[in-house]
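The structure under discussion appears below in the form of structure tokens.
Residue numbering begins at 1 within each chain, and the chains themselves are lettered A, B, C, D and E in the order written.
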Amino acid sequence: MKEITEMLQQVAARLFNEGLEMFIGYESGSVPAKARPYFAAVQGETAALVFNPFCEHNLAKYLVRFPNAKTAVVVKGCDAGAVERLVKERNLDRTRITVIGVPCGGMLARERVLAELPQDGKITAITDRRDAFVFQTSKGEHVLEKKAFLLAKCLICTQNNPTGVDLMLGKEAPPVGETGKDPYARVKEISALDPPARAAFWDRLMDRCLRCYACREVCPACSCTECCFEQAVPGWQQGAIWLSKAVTLPDNLHYHVIRAFHVAGRCTGCGECERVCPVRIPLMLLNRKLAGDIDELYGPTPPDVPSVLCTYATGDRDEFT
Amino acid sequence: MSVNESDVVTTAEGAAWEPKIVAFLCNWCSYAGADLAGVSRIKYPANVRIIRVPCSSRVNPQFVFRAFERGADGVLVAGCHPGDCHYVTGNYYTRRRLTLFKRLLEYVGFEPERFIVRWVSASEGQRFAETVKEMVDGLKHLGPQKRVSRV
Amino acid sequence: MDSKIIKKDKLLSLLERFIAGYHVLAPVREDGMLVYRPVGIPGDVELNPGRSVLPPKGRFFPQTEILYSYRIEGEKLTLEEYVEEARQVILFGVHPCDLRSFAVLDAVFTEEPRDAYFTARRNNTIIVGVSCSSVLPECFCTAFGISPVEGNGADIHLTDIGAGAYLVEVLTPRGKELLQKFDSLFEDNVAGAEEAKRAKEASLIKKISLSVKVNDLHEKMASIFENPYWEKISRRCLGCGVCTYVCPTCHCFDIMDDGAGKAGERFRCWDSCLFREYTLHTSGHNPRHALAQRLRNRFFHKLSYNNQRYNIEGCVGCGRCVALCPVNIDIREVIGAVRGLV
Amino acid sequence: MPRIGVFVCWCGSNIGGVLDCPAIAQEAASFPGVVYSTEYKYVCSDPGQKLIVDAVKEHRLERVVVASCSPRLHEETFRQVLRRSGLNPYFFEMANLREHCSWVHPDTTVREQAQRKAVDLVRRAVAKAARLEPLFPGKIPVVRRCLVIGGGIAGIQTALDVADAGLEVLLVEREPTIGGNMVKLDKTFPTLDCSACISTPKMVAVAQHPNIRLYTYAQVEEVTGYIGNFKARIRQKARYVDHSKCNGCGTCWTRCPVTVPDDFNLGLGERGAIYIPFPQAVPNKPVIDLEHCRRSTRGKCGACAKLCPTGAIDYEQKDEFVDVEVGAIIVATGYGLFPWEKVYGEYGYGRFRDVITGLMFERMVNASGPTGGKIQRPSSGKEPKTVVFIQCVGSRDEARGKEYCSRFCCMYTAKHAHQILEKIPGSEVYVFYIDVRTFGKGYEEFYRRVRDEGAVYIRGRVSKVYQDGSKLIVRGADTLLGEQVEIAADMVVLATGAVPAAGAADVARMIGIPQDKDGFFQEAHPKLRPVETHTGGVYLAGTCQGPKDIPDTVSQASGAAAKVCGLLLRDELETNPLVSKVNEALCTGCLACQPVCPYRAIQPVTITERLPGQPPRERVVARVNEGLCQGCGACTVACRAGAIDLKGFTNKQLIAEVDALCL
Amino acid sequence: MGASNPLLPKIATVVDIVRETGDVNTFRVVFDDPEEMAAWNHRPGQVAFLSVFGVGEATFCLSSSPTCRDWLEFSVRRAGKVTTALHELEAGAKIGVRGPYGNSFPYEAMRAKHLLVIGGGIGLAPLRPLVNFMLAPENRKDYGKVEIIYGGRTYNDLCYKEELFRTWPETPDVAVWTTIDVAEEAWQGHVGFVPAYVEEVKPTPEDKFVVICGPPIMIKFTVKALENLGFRADQIYTTLEMRMKCGIGKCGRCNVGARFVCRDGPVFNLTELYQLPQEY
């Protein structure tokens, strides 16, 4: 990991020499085993850049905040699609962005890692040993098997090396995901329940939703200037109010079902929505359901079409006859 | 399908509960089909309330959810048969959107009978009437939709 | 006031009796998270809970609450208030930081003119505090002079003093009245309990991140308002409402109408100062249009304005926002940065 | 809330006999915004309309709701009433109490439910009315030129009518000559006048008309724009003969060394590689069929070029494109014949040379046709004595053909029978039919005459035709007598049904007009708007809309011409105000709306946006061309941000309708 | 809760609607309960909430004088959801009213002093109660001269025309200067922006308070003009507009720094404003 971190710092320094205005990467967090988005605006700020298995954030959406600056961004395999999506939908001017790819050996579940490491041990180095991460701490060396410590989304990952990048750092990472894992296994389990049981499953989760909108704010597919759920200035959109601000089960379900529908075919599967949810609603179960259905019904969408819902085939499956 | 005595849900006042269906019908085919049912004096249950839209592709899934939130027991969307859209391609988009949406609704726990999409042409008054009958029967079996009703 | 001891099994009996006679809200575990829920079975309750994902403030200030309904009949317009249910509520298992947060909320809601809804719920709730048994990495209550074992603000306070025993401190007449009914469950011999509590306090405080100090914060906040620091820290901020919704002292709300035509309801619901439309005027003018302004306002509210206005700190050091911020915006770092004048 | 007036109509006893209209009106009076509510026997009648006009004045009504019949019937009527009342006509909403309530719930057992439903329907209409906004049609200038696609009799007639009205016409025909199917016919039923004699003068008139520009051997490739302002691209296929030089002397086509089966004569005759389709072709100048031209197949010949006195032959000619602007389009692409060879095994799948189609018979019996008018068996050239006609080949056959009746086959078969009996003394004619349909003027009389002349009509289907020596054995059933019939025939003529002309689907897609389930173009209303399409400015003439005989075709062609004249003789057009509109502040420019628009009405534009605290920024947003938009609203759902809304069916209105119905 | 619930509006009836300009109406409102009407007391500069049930609640400054005991007046510009709904009401409609909230112009400190009123467009609405309070016969002797400088975009955008052109000018010791931004055919008066007009009129700062309200840009340049004329910041008062939901210092959103506009405002003098963050 040290190697990639150093490369990142060097690349950033070089890009600033070439006129870069903003470098979006990661720095170490304020608590152990945590990283966070980092924004270097000048040459002197590049030394804080890191890359380690806690860099789970998808940084792509931050690009939208710098519409006029020459910006570089660090992407993992699962983030690259987000840049592509944002470019495709004209949120970004690709020509002013340098996309820097990093090979990803999978991201670790922080809670599990902390439980494994000695409480007061300070992490000094992390090395990726293909099927395990080796942690050097002030209390010694610890080997964390990936199978046991990776985030669930990494265990079904098939794209841990980013594509479409301008610059790829380091060597291509070996596959992380376990082969033969069905990404839709949980979706299928839920689908197999009878309707009342499905309703109960979702009601319990949706009842928890705070409508803090973290899932939306972090989502690279939720790129509307103003979300339809809170068009605040009256008169805009002729005053249609889609959703009550009241936090009730019907409204929460409405919000999540429609959000999932709005990102249908556009979700890049980065899983950020699920990560940021403070009340642990497994939101990817909604996105994955749609992804599965789209795959089953319509297959891949041609690259020149904005999304699966912006096209059709006369022979599409008809479940309404 | 018939409703057994024991299945009849009653309201607090003791009257037999009747499901409420909101129907979005496209102006050119399905609304005309419902008109034809009228012209042909084809009887069907009085549970359906129709909203006219120019094309089934105007039906935002959020309208469907809205209806459930406001206490509808079932929602029907009807449009021209694929290929016959007055606006050439509108119902092809409807088909994609609402196929995914219906599957999603069912996935989050709605019974399939709650949300129905049908193709009803201007000449299919009978089919419209039958669709309503079927829906009413289905909904009577399910009982009132209380889950997302804010009423 | 007075102290007693209760054994763990008896504590469960006590809870059982609470449940029989009151509406009991208590921390339970749900999908690995701690949440306050109405409970029906004592065994569901976490007796040494740790940090709940949402603070218990929702008992007094629910996320969504109907204020009143309206009805128009002919020329007549009538309003009907929503009235809190008569049955008393026991809010069980509140940690000292959250107990302090009630005082912070009280300052806002019971300042004249009092908020009728908050006050009614507050008056109708008996609070059972519980000392912390563990410290999480984000905890820093001591910075605000809170002890993890003191029950200020509770009617009754429990401290696990080991060996299956809890020290019960009865702190208010209301607490006393409540426990009187269940006298048989307690033991009066409290010898050694106070010492055990102090020892616990000492060991907990040792673990709390003591680097956070706020003594010179107020003066320094004033001088740092116009500092590029706020723009820098806001770069990673998502502008979501996590920190405000999990904050035990955040009290902002919106008031909206629901219903069309002749009848409907007016309700209020939590709002967040980080949301763009929070201060957005109809004209499109937004006094805090930039995320940096909004984030700065939040930190100023917590660390300066609240104290200026109500003479009580707006932060209780519960660490929820630190733990749950998706991009690790850490109020302790902000305090540190301000004190070091960035 | 605007002041709303509600008018509940009894429609005599149609509504009033089932629903309690006064009670509905009374309940409606309590709906939000309603300041006046009444009922009346017939609101659509003159006094009923006056009731509205007066109430608008007296009660200062700002919105009007009529609860009566289907808006498909009377919406426009009442909009005009509002206009007369001084209100914006779009301040009107209807509740459909007749078709959707009283007529379908007439039973006394459901009276109460029906009444409740009626009240709900009125509440919905009131809720929408309260949110209606004034709409104003836009004005667009009109290009006074008409494009006619297809040069058959429909296209010819319509072009002549429009041109005679003083408007410019572009007539595009894909074959080398205009005339279509009609000029291939010999005589027309029931009057037996010579088809060519009545159609060729019209063809000549087209060619000579100062207002008509004729493009033969050409195709419309692309149509954009909207009513009054279409842009079309015409591909002029290379003829390899420069028609500006050619004087039509005929030397070339009589001396071409190549012979090719002649498609004008349906393969019954031959032509050269340079040819005119038939002697009276318009234009009367040849084209070269390069596929068969010896110069191109063998690399040497050039006979025509050597012979041509004017040097008109140009082997290097390329397809050319002409871009035109027109205000209206008349589609007259005609019909083709049902491809019976593919499905009808019992008639031999086309293997028997003596099984021919009605149109082949027309060419055969035509004096200028390949046989010079002699009826002969294609297999032997001998005169047939026994001829069997089989009706409804492809028509009225749901299983293998088309469900519909092709309308003209009964009559042309009767005419063919007559021609056989007339031209071949002693001949026998048998006609297998399902029903004989003779609805036109003089048709029944003609049919009787043919039967009187000796044609034997057998009601029943033919189950098999097979070759037995030189004879074709036709085996069928006589369902009237209930017995098997077997006829040894010399020739079998099939009355093949009509289907849309090849390429109709491409035309539909190109112009953006729907086809019905059989592929014929869909008219805007089967009864009241039979020559219009749902796309403004596009009209239909002739068999492209559905099978019809010549008089009907010509009538429709003149009808379409009248519509076009009505349109193009105006200076400006009013646009439909029920169109989509983009709120640019909300639009993110993702353009998810663009591909879903069937009318290509949405285009990206770059705007400069100024937001507080940020420098002005250029960005792309979607914009709707109101002239192109037809108001389907598909884009409004594609737009996640809700930045596009459809006027007259806004999100706000629809949400209010849902809410009102669920109350 | 009943009477002790400050969030519960009192039912009132719109008794009259005066069309001031194309998008401003003045609503005259009377509580249905005469006791409520009698108990109502507000000070010049205070605000109240009006409710259109089913639509929502919004804050408006009272534009009637505290000395008027028979009704309340609110001048409302049609802009958002609630204001649009208010504009669609007709006389007789039922609405909800709660308040009054906030501080007021320092009318006590203003005793024996002169007053300069500077308004632009609907900005005159919060100043009008102060003017009419001072001009009320029972108070007139307590106050000095009243000078009013008022401008609008066009003649049609001027509010309270009856008072502006008749009542006030005809009152002794009151001077009114009116201006419009762009020349109009029928307009005989001054043409130009308010700040420039202030410079022309040259009011003197001695023994005087200034109250000013209007579009932010007008306030900004008028204050510059006043400072050039020798006015001190603590002489100049204005009233802030912020989004509010509760009016009683609970809902949080109207804070400017540690101050809540609903409780500590809406009236501030410039000295105070200069100490607050520029977040209003």
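Throughout what follows, a residue touches a chain if its C-beta (ideal position, glycine included) is under 8 Å from a C-beta of that chain, and two chains touch if they have at least 3 such contacts.
Every value quoted in this text rests on a predicted model; they were computed, and no experiment measured them.
Engineer: Upon omission of chain B, how do the remaining chains partition into touching groups?
Structural biologist: No chain B: one piece.
Engineer: Among all chains, which one's averaged Cα position is nearest the averaged Cα position of every protein chain shown?
Structural biologist: Most central by this criterion: B.
Engineer: Measuring between Cα centroids, what's the chain most distant from chain E?
Structural biologist: Checked the centroid distances; the maximum from chain E is D.
Engineer: Once you find the CA centre of chain A and the CA centre of chain C, what distance in Å lies between them?
Structural biologist: Computed from C-alpha means, the inter-chain centre distance equals 31 Å.
Engineer: Which integer distance in Å separates the CA centroid of chain D from that of chain E?
Structural biologist: Centre separation, chain D to chain E: 66 Å.
Engineer: Using mean CA coordinates as chain centres, what's the chain A-chain E distance in Å?
Structural biologist: Taking the average C-alpha coordinate of chain A and of chain E, the gap between them is 51 Å.
Engineer: List, in ascending order, every residue of chain B touching at least 2 other chains.
Structural biologist: Within chain B, the residues that touch at least two other chains are 61, 66, 83, 89, 93, 97, 150.
Engineer: Do you know which chain A residues sit against two or more other chains?
Structural biologist: Those would be 228, 233-235, 239, 242, 244, 248, 309-310.
Engineer: Enumerate the residues of chain E that touch no fewer than two other chains.
Structural biologist: Residues 54, 79-81 of chain E each touch two or more of the other chains.
Engineer: Mind pulling up the chain E residues that touch chain C in the complex?
Structural biologist: Residue list for chain E touching chain C: 1-2, 4-9, 11, 51, 53-57, 79-81, 83, 92, 94, 96, 216, 241-243, 245-246, 248-253, 255-258, 260, 277, 279-280.
Engineer: Provide the residue numbers of chain B that touch chain D in the complex, in ascending order.
Structural biologist: Touch residues, chain B against chain D: 18, 20, 22, 27-28, 31-32, 34-35, 37-39, 41-47, 49-55, 57-61, 63, 66-67, 70-72, 81, 83-90, 93, 97, 129, 151.
Engineer: For chain D, which residues are in contact with chain B within the complex?
Structural biologist: Result: residues 70-72, 96, 98-101, 103-107, 110, 113-114, 116-117, 120-121, 124, 508, 512-517, 522, 534, 578, 596, 598, 630-634, 636-638, 646, 649, 651, 654-655, 657-659, 661-663 of chain D touch chain B.
Engineer: Please output the residues of chain C touching chain D within their complex, sorted ascending.
Structural biologist: So the residues of chain C in touch with chain D come to 74, 260-262, 285-286, 289-290.
Engineer: Of all residues in chain B, which touch chain A in the complex?
Structural biologist: Touch residues, chain B against chain A: 61-62, 65-66, 68-69, 82-83, 89, 92-93, 95-112, 117-119, 147-150.
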